[in-house]
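What follows are several structures.
Common to both upcoming complexes is chain A, partnered first by chain B, then by chain C.
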Partner chain A sequence: MPAGGGWAAMFPDEVWEHVFSFLAADGDRNAVSLVCRGWYHIERRSRRRIFVGNCYAIAPTVAVRRFPNVRVVSIKGKPHFADFNLVPSDWGGHADAWVAAMAEGWPLLEELHLKRMVVTDECLELLARSFKNFRVLALSFCEGVSTAGLAAIAANCRNLRELDLQETVVEENCVHWLSHFPESSTSLVNLSIASLEEDVNIAVLEHLVSRCTNLKTLKLNYAVPLDRLVNLLCRAPQLANLGTGRFTAEYRPELFSKLESAFASCKSMKSLSGICEAVPEYLPAIYPICDGLTSLNLCDAPVNGASLTKLVSRCKNLQRLWVMDVIEDDGLAAVASSCKLLQELRVFPCDPYGADPVSLTEHGLVTVSTGCPMLQSVLYFCRQMTNDALFAVARSSPNLTCFRLCIIDPHTPDYVTLEPLDAGFSAIVESCKDLRRLSVSGLLTNNVFRSIGASADCLEMLSIAFAGDSDAGLHYILSGCKSLRKLEIRDCPFGDKALLANAAKLETMRSLWMSSCFVSLGACRLLAQKMPLLNVEVMDEKKRGGSWDSQPDDCLVEKLYVYRTVAGQRSDTPPCVWTV
Partner chain B sequence: MEVSVSDFDNLKATELRLGLPGIDAPEKPAPVSPRGSKRALLKANEECWPGTSKSLEADTSNQEAQPMAKAQVIGWPPIRSYRKNSFKARKAEVEAAGLFVKVSMDGAPYLRKIDLKVYKGYKELREALDNMFRCFSTGELSGMEGCNGSEYAITYEDKDGDWMLVGDVPWEMFISSCKRLRIMRRSEATGMPSSP
Partner chain C sequence: MSESDMAIIKPEAMKSYIWLQCADGSIQQVEEEVAMFCPMICREILQTAMGSSKNYAISLPQRVNPAILSLVLDYCRFHQVPGRSNKERKSFDEKFIRIDTKRLCELTSAADSLQLKPLVDLTSRALARMIEGKTPEEIRETFHLPDDLTEEEKLEPLKNANDDLRIRLLNRLYAKKRKELKERQKQKDVEVEAQRKDERSVDEILSFINGDGDSRTAKAAKNKKKNRRRKEQPKYSSRTESDKLPKKEVSTVCVVRNEAGIGYSPSPSRISEMQDSAEDAFAPKVDFEDVDIDDGLDPAMKEELDREVEDFARRLNSDWPERMQEILSLSQESRAVPDFMNGNVSLRRYTGLDGR
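Showing the complex of A and B:
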């Protein structure tokens, strides 16, 4: 090797770029950029995709300057707990600054993926004007846009391939936004508008679907009735991913048979969702595509368990199943015996606050775990659990990468032994060596955190609620869990000591959320002082305009969000948030 | 998979030294706060620093302090509720207001809705339907009690999806299982197919 750093010049830049183009993972490209100055520059100029896990971790202008040739960008904003209304609604996560910087520096941008961010119509209008090659707009769990903004996108993005509004709240003030797709627009591959609550002009939609012959993904909203679904399917038999609108209507034999034939003509259908408020009479119309389905989302179909079971039993190739607990243990037993390729199971509560007894227990989970050898990802809501059941899951599914268990009543112990569920969760983390995401619930002491800290080497995201006895619990987590990136905690007796003793750990993580714990303002001040690369945000929604500076050290912080950043304090904090 | 926080030019060994509390910072007194017994736990916590055995009273008083049983806690259970709420609202609307069922009549251009709870028995129901659909029929509607003169039969769809002739079961049983009514021409009624 030539001395003095000149070895990068052994080959022209283009050669290195070509070599780097084989590195798909961001981590690998980051590593490459650290080797030497030459590689740093070659790598940054050739990077085409970036992922920003926290929109405040870096200033938009800095990101745009460092990577001038990006085509695809993903940015995440609010903390995950915003999904459950724990984050103040005006907390932030604004996309404006990002879109403005991108409009300046990335004229060739093709794809924008935003999650949990506040996007405005002005952003969308700027986007539509600035990027000639814009192809993909994916807004998931976002808010702030209206259909007027969508109209701007439809009208101006000539080559738009994907418009995906998954779970994004849209203010609906422009009824005819769909009509803004010009006649010449035939490029759509994905149109996902399930989150829109109002009617869309279905005739316009039908015409759009007809002329977009490459359309592969169509997710309709509740407003599209069953008979119009038939027309849409007939115009797009090539669809691979379908989200229906409402799946309920008065039973009419001719509608049923038209629906059934429409499904039968969709030979490429792989994924099905929507099926809102399905009535049992129409479910059999889906049977023709069951064999080919790899993904089925029945979260909006609180049909009786027997009907669900009949449907799911026909889906022999299912890899992902999202369903409500009305499927009950019996239904899950059918899943376990029919869906041998199942990788991901999510079971949601149909009536989480109600007292209606549902026969979904720990047995359903165990049956699926035992029966489905490829199971990797579980999200399970239930009302009772035992350590034995968790032992069984740990034994049968050692390849789990994601295990999220939510026992609906906090502090629920093993209902047979009345012991905490420490042993069960410990078994999970000890057996599932590749576990990357874990949510714990039920009655838990510090012991479970000792196990997690010691065994969960690959764990990247951990969610804890109503668990633990003292600071030691948090200390076990922060001093262990080598790969931890995101930690979110609510209503646990964790406080200052563990936080301050593990301050350095926080800089190796993306973020920490703690709400309704025992963290004092003084500790936050200390943490912020010691760790300049962390933003320590405290929040109290009752405090509007009052000064945080004057609050005493011993006052408890209701909500705390700590994240690493190279951008310093953000300038858009609302009154209820203070960067310490 | 994130943008590298420290870029090449700033790469330096960041050695962070943070001693245990008590070295750099004064030991904090247990905070006094008006939050009730939940916060009193902090005192118990101070004795529970790593290595020592956990104190059980922390756990039980935690349970007392938070009446979790059926009180709704913000953001718990952790499900996104906005769309599920609107479904529940629709469901609640439907269930709240009496036992309304749709009534269709073969040949009529539109359907009607009636509240079954309003009627005391089959006779009243028959009369009400007669009044409602008189304009569409040439004769009386009554299709029960083997009345051969009538052109129509009144049928209903039950919980299992089967179409049944009205009048066979006790009235209470009927209204609890009836989902919708259909007044069909007698000519069709005789050859009624079983539910698909």
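Showing the complex of A and C:
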């Protein structure tokens, strides 16, 4: 049936559907669905992938009904600050309702990607039973499942290609879950179980790896020792992405040479992670694959800086490097001179609360920024910073899309001038026109927020902690930042006025998190009343006794989470959370 | 010579031709190898033996008009030559689709009806490129499409999917009201004074927020608090980041995690301290009704809007079936009714709602 009038009547829906299939970006498909009624229907029937950034923004049944032919779905649950233990553990993000609706409406579903959600074994069992073409299960930062659920997936998903449990907490009660992959199962391409803490049956794993000849990604957990790694690599020399288990053992020359030749036989290796507790003596076994590596994650390898430096200097084609601050400024200097293709750098603190000083300063960041012209994404933990260093980064890396600087102690000023870091961060947002994600830290006044609000036109996600002087700071952000989608704030002197003055802005964003700020319950009530399309959730884990209804307007809200939704109030709030 | 003579002489000519007839009756002839490049024509020739003479011309689908047919045949003529390199073909294609939108659409349509897949893909990609990055408005203009989604349906895409009647109606009322208010506002804003008035109100907020004498005492109180906090653990206590520690120090990891977890939740005594300093900072107690809350709408109009919303929400919260009647009669006043009744969701669904 021809769609709409005018030219669109010129050809049948299938042709427009074919045209739409060349639109990669969700934004374009969204625009298409708003053009006219005909296109709305063509688009919704032909949509194969959807991304739900907030699982409570829409009811599962409604999403399933609107897009009846989805094959791939990604859903996110808890707010990002859940990673820092700021969100109550029982807050929500349950996958049950979603899996139930999908089982009903999307029998041909192929891929499910969940992030920060609570998944149960019942979900996994329902999943395993309901989708005959199911291929990819990716649970990142999730919780609530046990190995019994994994066994159900292994046993029933005949064509499973990917099982990825990145950072997902799994209760381990079924030791032999891996054995549930039937003998006939040879389809695995990705098996990532690094987050499992208990032992796995390594013989079963070896057999599985042998028969899955298309296996490209294998991420082992700590329980797999170095000598068994050798066996696994020998059975899967075609691997492209490897996460080793523990990389430590007493030094034995024959183990070393076996390991080295096992790595040498992996001609396609592109990415390496794991290397838990690496001992310097075994690191050189990795050298054979260094040249081909594009991604290296050394966050579990607190080896001394010199050994790390030797390793990283050999990785000339590295695009992504995650490392601990034990690499120190010298190591980063080596990175800057060797890894000219570097796009993403993350430096994590090895001992954030500790006494041991580590010689990682702002110089390391500046050296990498100056030396690596393709640098786009930075996450950098350090203890000291200067405005000059930030000016240098702004000058050398104008193409940054993500800049997250985490100075470990709050309110740390420029250690040379003792001034706030306003000027430095302002330079970053003014220079990096494509900046999409920013985290600020150190001593900051409202001035930096004035700059961010005015200059950061592409900024989509902003994280603020221990910064600002007053409500004006929040007001600058909410009244500027045209593209802002997610804002998360903790421990800042921001309160009611800025929030209420910019209530309309909140409807254009995915979510706002504010904890330990100065927002009152009265303001939340007003906000909820004025903006029916927002859910305003207040949380207090100490539960002051009595219901929320009786609390006075002027009582301060400890944690506030505001998000837009068309699903109305959710029905699964725990006692410590109240939707105003 | 007569045409029938021509027809007899033809087999002796070097090239053989195929005759094609468009829906408007006009007939064209084209070299056989060119026509055969098109699967639909090829099938017709082989299966029905049509096309060999003018009287037995192959009828083309309706969506192929003579002008577009020429274009299609140009495409076929180029590509059916076997010796061409990929680079040549690509270059030809790029130039070939540089035509106006209307003809591009006609071409896509024709290619689809002739089942000429390479041309369908080429033209579809070109159309997709014309859609990319545009707003719905711009797309409508480009392709001359009707603007037939209702105000309410135009709320962001996922919002369209909400079949909950209550929320749909609330959305529609809200959107309608906002539109009306914005229109009234626009008329007011013509004068320069109106513009300045808006800016001034923002400045008023800022100076009110920043305060004068209050800010210094507030800062002092906050600084005291900050110094105390500096002694405590750093803010980033993520499981992910702190778990990067070696596993053999499992016990310390647990301790660290707990400390970090508790680290910044203030103790009960601290809560009251915080409340005290909060009250200091905002000593002129905020009375929400008096604050000039600026979201671009006149406060008086906003009150009206708020009252409407409250009223509506109240009505919705009471018994459903009676309200349904009331709402239906209410909405008959607005132009939204025809869309509501004949909209993309059938009425049957609404009556079935109580089952959901």
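Methods note: the second predicted complex is superposed on the first by the 568 of 580 C-alpha atoms of A that agree within 3 Å, B and C clash if a C-alpha of one lies under 4 Å from a C-alpha of the other, contacts with A are read in each partner's own complex, and residues count from 1 in each chain.
The criterion applied here is as follows: a residue touches a chain if its C-beta (ideal position, glycine included) is under 8 Å from a C-beta of that chain, and two chains touch if they have at least 3 such contacts.
Please read all numbers here as calculations on a predicted model, not as lab measurements.
In the superposition on chain A, A:Ala567 makes contact with chain C only, not with chain B.
By the touch criterion stated above, A:Pro280 is placed in contact with chain B alone, chain C being left untouched. In the superposed model, A:Ile408 makes contact with both chain B and chain C. In the superposed model, A:Phe22 lies in contact with chain C only, and not with chain B. Within the superposed three-chain model, A:Arg65 lies in touch with chain C and out of touch with chain B [touch as defined at top].
When the shared chain is aligned, chain B and chain C each come close enough to touch A:Lys497.
When both complexes are overlaid on chain A, the residue A:Pro532 reaches chain C alone and has no touch with chain B.
Of the two partner chains placed by superposition, only chain C is touched by A:Val32; chain B is not. By the document's definition of touching, of the two partners only chain C reaches A:Phe11; chain B does not.
Once both structures are placed on chain A, chain A residues 25, 30, 33-34, 36-37, 40, 57-58, 63, 66, 83-85, 167, 276-277, 300, 302, 348-349, 352-353, 381, 406, 408-411, 465-466, 469-472, 475, 490-491, 493, 495-497, 500-501, 503-504, 518, 520, 522-523, 526, 530, 533, 554, 556, 566 are touched by chain B and, in the other complex, by chain C. Per the touch definition, chain A reaches chain C in the complex via residues 4-8, 10-12, 14-15, 18-23, 25, 28, 30-41, 57-59, 61-63, 65-66, 83-85, 141, 167, 222, 246, 276-277, 299-300, 302, 324, 348-353, 381, 406, 408-411, 465-466, 469-472, 475, 479, 490-491, 493, 495-498, 500-504, 516, 518, 520, 522-523, 526, 529-530, 532-533, 541-542, 554, 556, 558, 566-568.
Considering their complex, residues 25-27, 30, 33-34, 36-37, 40, 50-53, 57-58, 63, 66, 81, 83-86, 167, 169, 195, 197, 250-251, 253, 256, 276-277, 280-281, 300, 302, 348-349, 352-353, 355, 381, 406, 408-411, 443, 445-447, 463, 465-466, 469-472, 475-476, 490-491, 493, 495-497, 500-501, 503-504, 507, 510, 518, 520, 522-523, 526, 530-531, 533, 553-556, 564-566 of chain A touch chain B.
Taken together, the chain B residues at the contact with chain A in this complex read 1-8, 11, 14, 16, 18, 20-21, 25, 28-29, 31-33, 35, 39, 41-42, 44-45, 48-52, 54-55, 58-59, 62-63, 66, 68-70, 72-80, 82-83, 86-87, 90, 102, 104, 157, 161, 180, 196. The residues of chain C lying in touch with chain A in their complex are 63, 102, 105-106, 108-109, 112-113, 120-121, 124-125, 127-129, 131-136, 139-140, 143-149, 153-154, 156-164, 167, 170-171, 174, 202, 205-206, 208-211, 215, 218-219, 222, 226, 229-230, 233-242, 244-248, 256-257, 259-261, 264-266, 268, 271, 274-275, 278, 281-282, 285-286, 288, 291, 293-296, 306, 309-310, 313, 344, 356.
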